[in-house]
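Pasting the structures in now, so scroll down.
Shared between the two complexes below is chain A, which has chain B as its partner in the first and chain C in the second.
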Partner chain A sequence: MADQFQLSSASLDALFTALQGDGRRILAPTDRDGRTELNPVQTLGQVARDYVQTALSAKETVFPKVEQLLSYSMAPGQVELVDAEPRALPTVLFGIRPCEAGGFAALDAVFNWDTRDRFFNARMEQLAIIGVACTRKDDACFCTSVGGGPGSTRGSDILLTPAAGGFLAQVLTDKGRAIQALAPELFAPAAGLAAPLAEVPAAFDHAALTARLPELFDSPIWDDQALRCLGCGACAFVCPACVCFDIQEEADKKAGRRLRAWDSCGFAMFTLHASGHNPRPAQGARWRQRVYHKFATYPDRYGMLGCVGCGKCTRACPVDMNLQEHLTQAMAPVES
Partner chain B sequence: MDLIEKAEQLLQSGDVKAVLGFEAGTGGTRRPAFARRPGQARRLVFDDACVQNLASYVTRKETRRLGKVAVAARPGALRALLQLMAERQIQEQDVLPLAVDAAGQVAELPTAQAIEEHLALEPGPVSARDRELLDRLGKLSRAERWAFWQGELGRCVKCYACRNSCPMCYCEHCTMDCNRPQWVPVPSHALGNLEYHMVRAMHLAGRCVQCGDCGRACPVGIPIHLLTFNAEETVHAQFGQRAGASAKLDYALSTFRPDDKETFIR
Partner chain C sequence: MSEQNIYLPHLMRIAAITDEAPGVRTFRLEFVDEAAAQAFAFRTGQFGLYSAFGEGESTFCIASSPTRKGYIECTFREVGRVTAGLADKEVGDIVGFRGPYGNIFPIEDWRGRNLLFITGGIALPPLRSVIWNCLDLRDQFGDITIVYGARTVNDLVYKAELKEWQERPDVNLVLTVDPGGETPDWTGKVGFVPPVVEQLAPSPDNTIALVCGPPIMIKLTMPILRKLGFAPESIYTTLENRMKCGVGKCGRCSTGRSYVCKDGPVYTLAELGQLPAEY
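What follows is the complex of A and B.
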């Protein structure tokens, strides 16, 4: 059981000051031009209230949409190669939801699978997460179906739960304790009652889904479901657990740089071979890949799901490819 | 006859292989739906919340594979279908557009002429709100407008939701996906984003049917439709024609006429 404390709003604001005094930037959801998105903040007052989710995920703090890996220049008889250094700023991610905090484990599974990715790890080492439990949800949320919950502590270094006058704080990790140590006087003994958390009924049994997927591989449901899919990358790019990237070389005859950029299995180009053959020739195969990677490959290879049930993909999809609904349908593929 | 009855009838008779319409989506929204069997027609709804331009599905190979489809079409989709005919991407017999009136009654629009006559009764495509946004942008200085778009495009993640939802972005091999050579940088950095949206706006100039789906599709809320809307307005001002008005429309930017008002081209 993690250590529990009470943090008043004033104490939390003071903690923000202490964190900045310690040289850390604070990224938090803010309301700007009608959008809730992660931005640097200085005070608690700048943090959005009453949001369910940001549109993009917090993964960009450790896995940005584009980053330079190396650069090189060439002259007759010589090549100069320069490794890029990760830009890893000491950062506190404040106010992200428990689902998103849990998403970092799915990124870690790939970035530390065989080779330890120094860009990802440099940023993770500098990152601490103060999650905030959910008292609200919307129709896209399904964390409880994938092993999470509105008060899940997974991935957070400190988890706050709204309570009268402020928050209850669970200090969960060494990184969390290091934050507490910056201003221990702000963390009062837990007294008040936490606000009731959002009720997110489980929609499907993920273990049963994982067990069933192998037999559904050739089912027509994937083509049927994917008829509506436009094949864009919105779902993958907002996903806190989607980790696929493309390596791009931007070069001329004398110099160049190598970049890593987000990619998506929903794109037709994703598996296009140089020969012109595409093993996933239609959107149904690509949609199936998205589902299988998260709910079959991830459990098989990493012992966890590649989905945290945040519902960002559902909210971002221009044509409402509701993931929870499609997975529920896969568990009972009966069509009229 | 209402849409559900019409869809059942069309699917029962085999006149079409699918009826492309809308169904209830997450949180009271409407989303595209394919009814492929008479029993699936019951899902269909049609109201003001149905905004997606369904014409973008008509040219997808997954849809073409089904055979002839009927489309429960909003005006934006009808304009797109006409423009697709003008660009010889579909023929009249490939698609059966269905217009649904305020009372929910359905009329078949089996010919381009029928679509044109139906659209002639509809108000112009650009909403008052978008007109206001365009005017506001138009009044900015170049430097201010540049700053506005730099800010907006800085948030782009290059997911291509705008391209893929666009009924006129039907190219099976988009310039963005050409990698031998790679014309436009793939990563979502400043140059990659800017070049992508510039190219797309220019490719849509004179072809944009102003449905606004690109702007609606954007997951990060960039009003990207204003770029192509503006390009379309410019073409209209210069050449006096609008994309989606007729199935016989010469593309303004690639059509030579001996009586062109510009002397340099003659």
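What follows is the complex of A and C.
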């Protein structure tokens, strides 16, 4: 059981000051140009209110869109390699939702299941997460269908739940306790009642879905669902749990660098062989891979889903593909 | 303080270049760093990521045998940006290598068994590593039969080694070229690999079959082997899925529950039956 405390809004604002005094930057959802996205903030007043979620995911804090893996210089018969150190700034992610906080475990599973990925780990080490439980939701949310919930503590170091005059705070991890230790006087004994959390009814049973997917592999539903898919990859780029990446070279005759960049199994070129052969030649097969990787391969290999039910993919999709609906359809009784 | 960078390649010097066939070359590579050379070991079937600095990385098997120490060899066809960059290199130039990656051909389990290699075109390199590994341990295996085909006589790779295998009494080499690919002095067979195998009708008794080739060759050869009585557990092949990281992270080679770069590239036909046919 986590330690429970009460934080008034004034105390939380003071905590922001203490965090910055400790040399940490704070990233939080802010309203800018009609969008709510993560940006550096100094005060609680700068943090957006009444948002359901940011459109983009928080994974960029530990897995940048593009990052350098190494660089080199070249001369005839010579190459000098230069290792790359990730720039990992002490960072507090404030105000992300429980679904998204849970997504970091899916990234960690891939980056560290075998050999360890220094770039991801260096940033994760420097990251602390103060999640805020959801009192609002929208139609794209389906956390409760994939084992999460609007008050889930998974992935957060401290989870705040809105309450009269401020927040209830659950201090969950060593990183959370280290934050509390910066200003213990701000954490009052828990007293007030938490605000009612959003109600997100479960649309499907994810364990039953995982169990059913093997028999659905050759079902026509994947082609049907993907007919309108543009293969734009927006779903993967906003997904807190999508890890797939590309490695590309930027160079001239004398020097170059090797970069890692986000990629997507939805792109036609993702699996294209140099010979022209493509193991997943149609969008239906690529859409199926997305679903199966998250709901069959992940449970099988890593003992967790590769989806946190945040609904960002659904909100971002330019042709209104809806993951929750598509998965619910996959669980519909088979017509005989 | 920091963990090591798993994406950092070894620097390798090109010790020798062999032109094998039109557009196909073999590099012999030696480690620039002596300590890296000492620490390096691999087993047959494994692969690596080869860098043409300035262009990027490509995935090829290690085409030499682990019994031949001090170097590795790779054989590639010039088809894209990286292989064009590699093809520009000369002896003494530096390339990068990450590896060895992936699983192995379990040749220790094949002691006393007959070996049947079936391969086509540029897919001989992964089997060439196994062939030399087994020939260097010749006493441990029974009959060794190699069926190798290419589009034309000129497209056959490792021509000097084919000659050597042809002359060895302890190797049965069957060469074939596609109809129209023969030369006037061609003494091998004319025909595609699968019908040549069917005609040869090798016995499945105590025999391991290794099949590497273009997808169509594999697709047509497998049923013939099954009809001849080879068990799915006795037929080995390698998958050639596109890869970027080689270490089970980038997601590109993911096929069902398998990362080809970690759980492969070597699979038995029985194991392939458990995977979706996305390769």
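Annotations
The rule is simple: the second predicted complex is superposed on the first by the 332 of 336 C-alpha atoms of A that agree within 3 Å, B and C clash if a C-alpha of one lies under 4 Å from a C-alpha of the other, contacts with A are read in each partner's own complex, and residues count from 1 in each chain.
Assume contacts are C-beta pairs under 8 Å (C-beta built on N, C-alpha and C of every residue); 3 or more make two chains touch, one makes a residue touch a chain.
Keep in mind it's a predicted model, so treat the numbers as computed, not measured.
Contact with both chain B and chain C is seen for A:D246 once the two complexes are overlaid on the shared chain.
Once chain A of one complex is fitted onto chain A of the other, the partner contacts of A:H277 are limited to chain C, with no touch recorded for chain B. Touch criterion met: A:T115 reaches chain C, while chain B stays clear of it.
By the document's definition of touching, of the two partners only chain B reaches A:V238; chain C does not.
According to the touch criterion, the shared surface of chain A, contacted by chain B in one complex and chain C in the other, consists of residues 246, 248.
Those residues of chain A that touch chain B in the shared complex are 33-35, 37, 55-56, 65-66, 138-140, 223, 226-228, 230-234, 236-238, 246, 248, 250, 259, 261-262, 264, 267-269, 282-284, 314, 316, 318-320, 322, 325, 335-336. Against chain A, the residues of chain C that register as touching in their complex are 2-9, 11, 53-58, 79-80, 83, 92-94, 96, 214-215, 240-242, 244-245, 247-252, 254-257, 262, 276, 278-279. Contact residues of chain A toward chain C in the complex are 69-70, 72, 74, 76-79, 81, 83-85, 110-111, 113-118, 121-122, 217, 243-249, 251-253, 256, 258, 260, 263, 265, 270-275, 277, 279-280, 285, 289, 292-293, 296-297, 300-301. Contact residues of chain B toward chain A in the complex are 25-27, 29, 31-34, 37, 39-40, 52, 56-57, 60-63, 157-161, 163-165, 177, 182, 185-189, 192, 213, 216-217, 219-221.
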